[in-house]
Amino acid sequence: MSKNRLEAFSDGFIAIIITIMVFDLKIPENTSSQEPWIALKLLLPKFVAYMFSFLVLAVMWVNHHQLLHQIRHINGGFLWLNIHLLFWMSLIPFSTNFMGLNPFLPEADMVYGLIFFMNSLSFTILRNYAEAKKMLYGIYTDEFKRRMFIKNLIGVSCYFIAAFGSYISVYISFALFLLVPAMYFMPEKLEEEK
Amino acid sequence: MSKNRLEAFSDGFIAIIITIMVFDLKIPENTSSQEPWIALKLLLPKFVAYMFSFLVLAVMWVNHHQLLHQIRHINGGFLWLNIHLLFWMSLIPFSTNFMGLNPFLPEADMVYGLIFFMNSLSFTILRNYAEAKKMLYGIYTDEFKRRMFIKNLIGVSCYFIAAFGSYISVYISFALFLLVPAMYFMPEKLEEEK
Amino acid sequence: MSKNRLEAFSDGFIAIIITIMVFDLKIPENTSSQEPWIALKLLLPKFVAYMFSFLVLAVMWVNHHQLLHQIRHINGGFLWLNIHLLFWMSLIPFSTNFMGLNPFLPEADMVYGLIFFMNSLSFTILRNYAEAKKMLYGIYTDEFKRRMFIKNLIGVSCYFIAAFGSYISVYISFALFLLVPAMYFMPEKLEEEK
Amino acid sequence: MSKNRLEAFSDGFIAIIITIMVFDLKIPENTSSQEPWIALKLLLPKFVAYMFSFLVLAVMWVNHHQLLHQIRHINGGFLWLNIHLLFWMSLIPFSTNFMGLNPFLPEADMVYGLIFFMNSLSFTILRNYAEAKKMLYGIYTDEFKRRMFIKNLIGVSCYFIAAFGSYISVYISFALFLLVPAMYFMPEKLEEEK
């Protein structure tokens, strides 16, 4: 299995996941012509949920590329950990739909947060596996590795807190859903040991 | 991130956006066998809206390719501006559905026009960024740059006028929705400085 | 615009069109557990319509590849004629759904036939354009060209007859819907002038 | 037709089939805010059916790659046997939806099992065709060929038994649906004749 093929498959997968979410953004057929503004306003939470999910998926796509760019070769373990990541990604349209329909329902925010938690956890596992198996190009400083470890720990923890914090206040969840993609917006510059 | 990968991802994205719109073109299950012509006639606005959107997306695809063909390399800024463009493209199925259901509702035409406005604006921003950062092959004459600038200004403005002109008459919007793709049908021949 | 990119875009497009049709193959949520065999039997026409359309799209995919394989380079005209072909392809899920819901309704068979007619016509136009513009590798004998011309004429005509023959008997249409893919199952062996 | 193109097309196809299944995982719009846990619990069988199908498709994807990796060149026969395999794969979302809605209905498990049976049979036919036509790289020991033959026979038979065993007990089917992907999880190491 070549690296390029895995990358192309993951790309196609992510592209479809994003676009399939748009399919839920729909004006209800009956009400639209009578009160278009009300119909549009009712769609707002769905739209915001879509925007959040789009952002997270775009950030994951960019970081996934950087990981595959760094990697020398792939093996069966990496392949299946990548499929595992795609599985959790594939559930994002489900949680987005649930959250878009019920933005202020703690259960919906919990599901939304848990799916993101599993995504960031799967990504971290994938990354650590590649590092542990010495599959990455370049030798990174311990300082860099520690910083990456802490950053990933924060990201994963944020989603965990977001998932269960929704029972205290859904705004805790909303804030964390915005914070994490911001943290990962640009992949970390690679810092190699000299 | 290589140029090819970005191109392949954008292509897959656009292909899915187009095909997902077709999914809304559907004969209602109950009425079809009794009065097929009426059912088909009721679908006509949806079909026309789909045709318009197909045309715009095809034109954007062709122009997106020419831009990526011209470009030397990509950076983080270009990557995220491209993702920004894909975000607005991904909303086209939503606005197409809304407009197809309510072609003579000014609000629907406004949403349809605004999404196209954001698309053409995003595309212009992406193009200008690449030009400003000297990422394009070839050095273009000032005359060529000025012509491109004016053309893009007209395109973006047309969609803006189409969006709000619908409140005067939806036919203003319809005419402009046809005019802009016609303007961009073939990408501008490149004119390099000698 | 490179030939490879056009091919990859068309491939992605066709793959999505095929899979999107499957989405209409669905057991109704309520009736399924009570009378599963009746529910399955009601799906049969949808299933057969899907099989027909799958076959036609697969045949078009194979022939589209052979055409692109033969071609030296592409130009703006070829690009837009290919987009034109994709447009008609994209309507196949619509006509398949209509026909699957009402297999014995002449209007449904007419729409199904007309969409296939437009597809085969678009394909023939694309092929002839490439030939007329001398874009194909190899020089074909006049005998080969004549045979291809007649074959395409028969294919296109069959769909036209299928579309309107449904008003006499839908079985005329069914027979022709089966005949044409069989005719094009394997792309014609290339016969070059020596 | 190049091997790469067939691989890319099959990849795109499989990626779309997987993601399209997610679309059925949806909280019903009305009930969700009142009793979210009940709504989620009702989705559980759908979720499990999705997980099973995801796993099977992932395993088929990995094995399909290994097959194409081993292959020297493709011909018309291989091409159409591959399209035949994609056809049966494309029905997996249908059977998954049926089974997810009615997990304890023997008919649903039968359909689910039969579609997987046809998939594994199509895959075995594709593999054997390539082997019979000497299209594979390397010469395998008779011992290896026999082991592969038996393994494939077991896989295909398991699905057949799963399909009809559901009338005795649906748990027989469930166990076999889990067993087969486990058997094929990693493609067999190639053992060449020395």
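Annotations for the structure displayed:
The first chain written gets the first letter, and so on, giving A, B, C and D; residue counts start at 1 in each chain.
Just so we're on the same page, a contact is a pair of C-beta atoms (placed from the backbone, for glycine too) under 8 Å apart; a residue touches a chain by one contact, two chains touch by 3 or more.
Everything numeric in this text was worked out from a predicted model, so none of it was measured.
Touching chain A and chain B together: no chain. Chain C and chain D touch with mostly distinct residues; of the residue numbers seen at this interface, under half occur in both copies. Superposition on CA atoms relates chain B and chain C by a rotation of 90 degrees, given as a multiple of 5. Remark: chain A and chain D have CA centroids separated by 27 Å (rounded to whole angstrom). Centre to centre, using the average C-alpha position, chain A and chain C are separated by 38 Å.
In chain B, the residues that reach two or more other chains under the touch definition are 8, 12, 16, 20, 23.
Taken as a graph of touching chains, this assembly is arranged as a ring, one closed cycle with exactly two partners per chain. Residues 7-8, 11-12, 14-16, 18-20, 22-23, 25-27, 29, 32-33, 36-37, 40, 51, 54, 58, 61-62, 65-66, 69, 185-186 of chain B touch chain C in their complex. Against chain B, in their complex, chain C makes its touches with residues 1, 5, 8-9, 12-13, 16-17, 20, 23, 76, 79-80, 83, 86-87, 90-91, 93-94, 97-98, 101-102, 105, 107-108, 111.
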